[in-house]
Each structure stands twice: as C-alpha cells, then as structure tokens.
Amino acid sequence: MFEEKIKELGFDLPEAAKPMAAYLPGVQSDNLIFTAGQIPVVKGELKYKGKVGLNLTLEEAQKAAQICVLNCLGVVKSITGSLDNIEQIVKLTVFVNSADNFTSQHLVANGASELLGEIFGEKGKHARSAVGVNELPVDSAVEIEMICRVKD
Amino acid sequence: MFEEKIKELGFDLPEAAKPMAAYLPGVQSDNLIFTAGQIPVVKGELKYKGKVGLNLTLEEAQKAAQICVLNCLGVVKSITGSLDNIEQIVKLTVFVNSADNFTSQHLVANGASELLGEIFGEKGKHARSAVGVNELPVDSAVEIEMICRVKD
Amino acid sequence: MFEEKIKELGFDLPEAAKPMAAYLPGVQSDNLIFTAGQIPVVKGELKYKGKVGLNLTLEEAQKAAQICVLNCLGVVKSITGSLDNIEQIVKLTVFVNSADNFTSQHLVANGASELLGEIFGEKGKHARSAVGVNELPVDSAVEIEMICRVKD
C-alpha cells in the first residue's frame, strides 16, 4: 500500500544503499529500527553535493532531503520486508551541509517531513531535529537518519 | 510535584511549542518519548540567537540551554500529561551554534543538565552529547533534543 | 570473552570516563544503553585535538575514533557489568571536528566501526551516522555516542 503511494507521488522506493563503510544500513531492536545516516544517492550516484545557500538553493536541498528519506525507507523495507509494517515514523535527524549564514535547515528538512506525511498520513508524523553542519561525507548536501516503529 | 519544583526554581514550564514545520513536537514509543529539537523560544519569540563565543557569552548560552530544556519538558508534558510520569531523563543531544574557536559546548550544555538535576534529582541524571555546529535554524544559539522514559 | 579480544587486538578497555559536566556516562532503558558522547581521552588526557584535515591526518583521526569507541564500551561495561552482556551494537553517531573541505568523515568513523567488527563480529555490526562539525568540546578531534542492546 505505502509503496504504491510512493509511486503515485512520482517517486521510487530504492533498494537499501550499500553502506560506504564498515556498518549496516539499519538495525532493529524490539520494535524500533534505527537507520544509518542516508545521503542523496540514487543508484550509486550522489545527486546533491556542496553547501546549501552557496552551491545549492533551498529548493534543491529539499529535493536532496526527499531522496535521503526515501533511502531511509529503503533501509526500513530491507529489514522489515514491507513498508506496510511501519506503525510510526518516530524521529528524523536532518544534518544540512550549510554555507555561512544559511539558517533555514528546518525548511530543508521539510522536504523530508512533508513527503513522509504524504506517504504515511498520521503514521508519518514524527519528531525531528534539523541542524547545520560545516561538512558532510563526500560533500553530500544533506544527511538524514530515521528511527521508526514497526509491527511485532 | 516536578512542575512546582520548576516554579520554585524561578522558571515556567511552557506549553509545547508549535513545530516550525511539518512534524510533531514529540513522539512516544513504548516508554520512551523522543522530542523534536527545541530552540530557546519563549511565547513565540526566539530569545537567544547568533554564535556562542561571538554574539553571545557562555552565560547567555547557558540560559538559552535552560530554555531549550524547559521546552523539551513542555513537550513531554503535552504527551504524557504530567511531568510526574517521568521515570528518567535518558539522553540529551545539545547542538551549540559555535563561533570559530569556541570549544566549551559542554559548559553550555551544563545549563540544561544542571537544571534537570535541580528539578528531578536522580531521575534527572542523563547521558548527553554536546557538539558545536556552524549554523542552526533561524540562527538559534542552541538546539536541544531529549529522550525520556515515562511510566506505563 | 570480548574483553580478552580487546586485549588480543592490542587495546585496553578503559574505565568509564568521568563526565566533564553534570551528567552520567550512560543510561539504560529496558535493553538499550545510551552512552554520553565520548572523546579520545586516555587516563584523563585528551589524545587527539584540533581539526581533522588541518591539524590531524585521517589516520590520526581514525585512531581517535578507536579511543572514543573503546570509551563507549567502558561506559557500557560500567552499567551492565561485562561486555559479554552485549547482544548488539545498535547505533553509532560520529561527530568529526572538520577542517574546511574535509569530507571523509565516514572514513574517520571506520576507525570505530571496524574495531567493533573485530571485537564483536556480527554483534558489532551497527547502524551509523558520521557528520562533520566545526567545533567540539575542549577542541576534541572526534566525539562518538553509542546505543547498544544488552541481555535482560
């Protein structure tokens, strides 16, 4: 059901991206899945790099955040089998590669948060932190990690 | 009880601040509440903005951290009904908008940690990370998120 | 068993470092232990400070990450009594004090992740976020926090 909704919205649910290093894309403990930080990679290619407010516009960064959160969902599916097992998106942490004086990290993060709302409705409403950072791995524009609750 | 303690200490427990974007102020999963990142907003007004070590002193940043953590408690109350349901403050993550060469993020975070100790005693003792960041949403001086454990 | 493995690998498991401020080194909630952010302190002395990519090489930063994660394990032992109670390392968050244009935070974090794999095998595989920050407490080069799952 939720995968079809993603397609209706014009997006694709990716396979879980292979970690860039010695770790797992996500780990489940009881009903919580903790994903690794996801960057805006599509089929192995980093789509948005550089500093938001300098190399990228807010609108581009919001698209980057959408890809990151879809990658988080790909991880969740790889662990629990189907997005339909999601009971609640619990928490996002959104790290934005920020140029000096760029202070709209919350608006970047909205790219991810609003997409979750469109896909999952009430189950997609989550707690969230959005912060700026001066550098991210491979100069990614955004990195997002997710905690979500799945059925027994 | 704990709300009275907050008043005795000369502070007010705020209502849960309305999120600045498409998310919830906090989400509960089993006995854990995850709050969204809280900034030093009082009644809709951002009280401390800019970079600690440049635009703000350490003492001002500690006061900002106090407001952030009170806002976290406001979120917890909005979800669980009363602060007296808190069993343990589990974890704080404290993001400090840091000027170059400002390296006392842990002392900024003490503003929040010590207040929790005064309010909750043993139940207020928590694990904590404090880090510097180069930018925060709306140029906030500090952003704090909380995980806390509440009764069944 | 796992403590012996740490020695075989040429490392020491430290005592839980005393927090630098008003908080606890870690808190357990049900089966999860949340550690405080750990910096590369050995016996009270900060071993790696400054910005990775400017004051430190990648290799030095990886050694710093190893010390941080050993300090996390010291915290876990102080709470649960023995590393043998660890069921799974669930999540690391790795904050790297990053010079401008240093974008290999994931490789710094590998210092910690690979060591966990060597010590714990499958139980050491975890989800992970690695991000750059412009400043850390006391000018530490790296700060790492851990969530791990322990037996009942």
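Lettered A, B and C in written order, each chain numbered from 1.
The rule is short, and it goes like this: a contact is a pair of C-beta atoms (placed from the backbone, for glycine too) under 8 Å apart; a residue touches a chain by one contact, two chains touch by 3 or more.
Computed from a predicted structure; not experimentally measured.
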Quiz item: When the CA atoms of subunit A are placed over those of subunit B, what is the turn angle between 0 and 180 degrees, to the nearest 5?
Solution: 120
Practice problem: For the copies subunit B and subunit C, give the interface type as same if over half of its residue numbers appear on both sides, and as different if under half do. | Solution: different
Practice problem: Please work out the Cα centroid separation of subunit B and subunit C, and write it as a whole number of Å. | Solution: 24
Exercise. Please list all residues of subunit B that touch 2 or more other chains.
Key: 30, 133-134
Quiz item: Inside the complex, what are the residues of subunit B that reach subunit A?
Solution: 19-27, 29-30, 34-37, 93, 95, 133-139, 143, 145
Quiz item: Okay, in this complex, where on subunit B does subunit C touch?
Solution: 30-32, 88, 90-92, 96, 98, 100-107, 109-110, 113-114, 117, 125-134, 147, 149
